[in-house]
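All remarks here apply to the structure that follows.
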């Protein structure tokens, strides 16, 4: 994109492009995830077909749902704190948009490219907790409150293993810039063989496992969906929402799933890149311009694979209890990721 | 529980993935209702059909209905004699035969109790109405259901043929 | 049995701790949570009023009655065949099983007994309705614990059983097939072969559920040691069925009672579990579905020939007397105490439904547990609201 | 395979049921003077009626004999319903009904009787225990101290029949609204659904004009 920036695109057009790109980068994964996994894969796993009426194989069902939600009245409980109640879904969605900003889609296709990228990503991902807490508190509903508190406790507990899991990658790559992490993986080699690059999935598999579990919890997907827990808390912090505010929560949920999968793909699967040795590239500067088109597609494919994992687990497992979840985070995940960091650091120094 | 944690969790994933593949290869267990329909069994108690000619308005079905959802009105009239030269017969003429399907609980007691084989079960089920009052079927509508009444099914081996119904 | 003693003590200590927490000086304000009557986890409209301290239950009390239909009153103005149609609706998931004890009680008063073939077919349909009922429980268990998939498996496979029941009786949910002195009709041709293949599917379903849910470590950590009911308490509260057998009481009316049904013609075993916790209750039910499929398979081989109805008068008058008959229904012991005054209808029918007793233990059981465990415990106790409220 | 007994009228020789005879003997022996009446129907069941004063202690005694499983508790209103089955023609005068109170097995003297069934766990040896409810006080001792499970059953019985249970910890309505008045399972409580709507079976086929009394003359 900095090729574009170098040309004479005026600033307003650049901004417009970025906004449009951001929307696409958030909504496209969300829509795909919802249709492919929530509608179709879940149905197929349950011996049914899912939506079939709207469009071929129900592919337009999502638009129908969005239309339905947009038509609904924007209601709020009488005792609710109206301003907070209304702003909460936006806070949650904002966190998703903030997250997508640092994801690199190609050698030049990025929104921002700054040095502490992963640090920033992990920081803004917790903004959604604020939104959830606000939603739970402002709804004036006991189920919402319990859901919001659970969400807060859970997300705080899982933020830490996630950060610790990423540290391994950062140590190995020697940078916090996501773009450079991608390059480091694809330009790297394993014991001198560079046919696959060096995706950190292979060296950081412990980190990957911890990261994916933490993502599952961060996204409040089963088995960590206690904040929503429809059999206990009706719908947790979303209980009182309807219409387009619920839609925003819904989009945020699946868009965040997509964006986190993208970040996981960037960190562990080599992001948008293909192993550079295939085309004889050595550094970021060598890469042909067509990667700006193909790169996003590659990243998208990797994202689909990772969301498949997330959703597969979601549709198969029952949920934990809140205290078991905390125990799991503090007693298992955090020690494991600390050991992982230690081993990584030792090996890094050794080699 | 000799084995460590992993197997149970993985088995669960295996079950869902297996079902996914089965649905892809063998098709779903569900039926896309308005496009394809399952045929209910012959005995299915879908709707009650009335063979008006057999009804003698004896009121037995009305009186045995647990829900009081059958309404009959009738009057006596003279019919030509059976044999030539006989006295004219007095027969019961059916004026009204209504079943209120909003009340009916499909127990089938009326069909069973009918001594003249005027009531039958039909497996037809698509007669829902937007207005509840339309669920009161009168005798012409009940008569139309007669076309859908199937033959009684063959019985399983070892069954003793009964004389009637 | 020491196992139970220890756990009982632990749960007692937990309850005490919950009580004590309310009384300390630095008391935080509790919260009263209304679970239900409209709530995803209450099959029907059971309402649970829970006083919470954080997420821990200080006390909880179920409040029934949102679906009270007054069946005991309704039976007084109905004739015996009409009551049969009515009692179908008590436990609506296993409705054929509701008719059987009532008809048996009426037959006992009349002094008639159904033909061997009728008894046999009754038993087969009884077990089919148990399978239909409990398989849905197994699926629903998943939903209660947050797993979405099992319930669809349950609906899928229960459908085959319901199709069988519909093919034989004409009613999918409310068969109304039992008559005093036998059955309304004989089985339709092809029923036996069809049932055999369905039983295979059901065993397969049990394996699937076992792999998907019961083997899952998350499921086990959610259910093991949760809601332990010791044997003595279970007997005091009159728990029955799988809830009782999961507490280590080896008692199944199908085996222990001499009754005009065909269970003694099949080779099967009573499943018990010593633990008495939620997992034990669910596990016992899962195994019972397997045993039921075995019973059905064996009974299908040995259906005797002959009529399905003995001669009874067209208009039935039941002689004066009182009779109690209970059977081991899907939910537990279901019995009818029928008082007749030589009339077409009963004078008084006391319906002893299993869920009423099974749920009456809930206030005792819920003390000191966490909110998610309320759901686990309720799910594992397994009630049908129509069976509580009648 | 137990064959059900024929009704007493048809019995030519009474079948013996030695198991139940010993069981009943044990119960009667333990209860002593507290038994008002008892009945044994061979191959069927045992009924025991105990005196009202000894209600709780009798149940306790029977429980100590091994009948530890609490099956149910309820009551029976022996007064025949003044409304019949609700199948009266409202335009006609109400038909004469026999309103005399006749108790069932093991007799009794009051309109209401309590009924409890206890079972020996692991078997089907059960016993139906009845007890008269005094017509004036309508109060019986509560069984909750003996069987915790009696709690809900007594609440239900209190709500439906208006029988008070002295010593019950929490006598509240179970099903009905807390301010509901009346006791629905009493026979003199009308079943409104059967009263507000006339029975469709009242109407009969209209006769031919001009011949009223020839109902049974022509019948082929």
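Going in written order, the chains are labelled A, B, C and D, and every chain counts its residues from 1.
Methods note: contacts are C-beta pairs under 8 Å (C-beta built on N, C-alpha and C of every residue); 3 or more make two chains touch, one makes a residue touch a chain.
Note that the structure is predicted; figures quoted are calculated from it, not measured.
Note on connectivity: the fewest steps through touching chains from chain A to chain D is 2.
The chain pair with the larger count of C-beta pairs in contact, out of C-D and A-B, is C-D. Comparing the CA-atom centres of all chains against that of chain D, the greatest distance is found for A.
At the centre of the protein atoms shown, by the Cα-centroid criterion, sits C.
Here the CA centre of chain C is 24 Å from the CA centre of chain D. If you average the Cα atoms of chain A and of chain B, the two centres end up 54 Å apart. One inter-chain figure worth recording: chain B and chain C are separated by 28 Å, centre to centre, where each centre is the mean of the chain's CA atoms.
For the pair chain B and chain D, the distance between C-alpha centroids works out to 36 Å. Multi-chain contact residues, meaning those touching two or more other chains, occur in chain B at positions 9, 12, 15-16, 19, 29.
In chain C, the residues that touch at least two other chains are 78, 149, 153, 156, 212-213, 216, 218.
Shown for chain A are the residues that touch two or more other chains, namely 45-48, 315-317.
Taken together, the chains touch in the following pairs: A-B, A-C, B-C, B-D, C-D.
By the touch criterion stated above, chain B contacts chain C in their complex at residues 5, 7-9, 11-12, 14-16, 19, 29, 40-45, 64, 66, 105-109, 112, 121, 153-160, 162.
Against chain D, the residues of chain B that register as touching in their complex are 57, 59, 62-63, 65, 68, 70-78, 89-90, 92. On the chain A side of its complex with chain B, the touching residues are 41, 43-49, 52, 312-313, 315-317. Within the complex formed with chain B, the chain D residues making contact are 197, 199-201, 203-208, 218, 220.
Per the touch definition, chain A reaches chain C in the complex via residues 42, 45-48, 142-143, 146, 222-223, 225-226, 229-234, 315-324.
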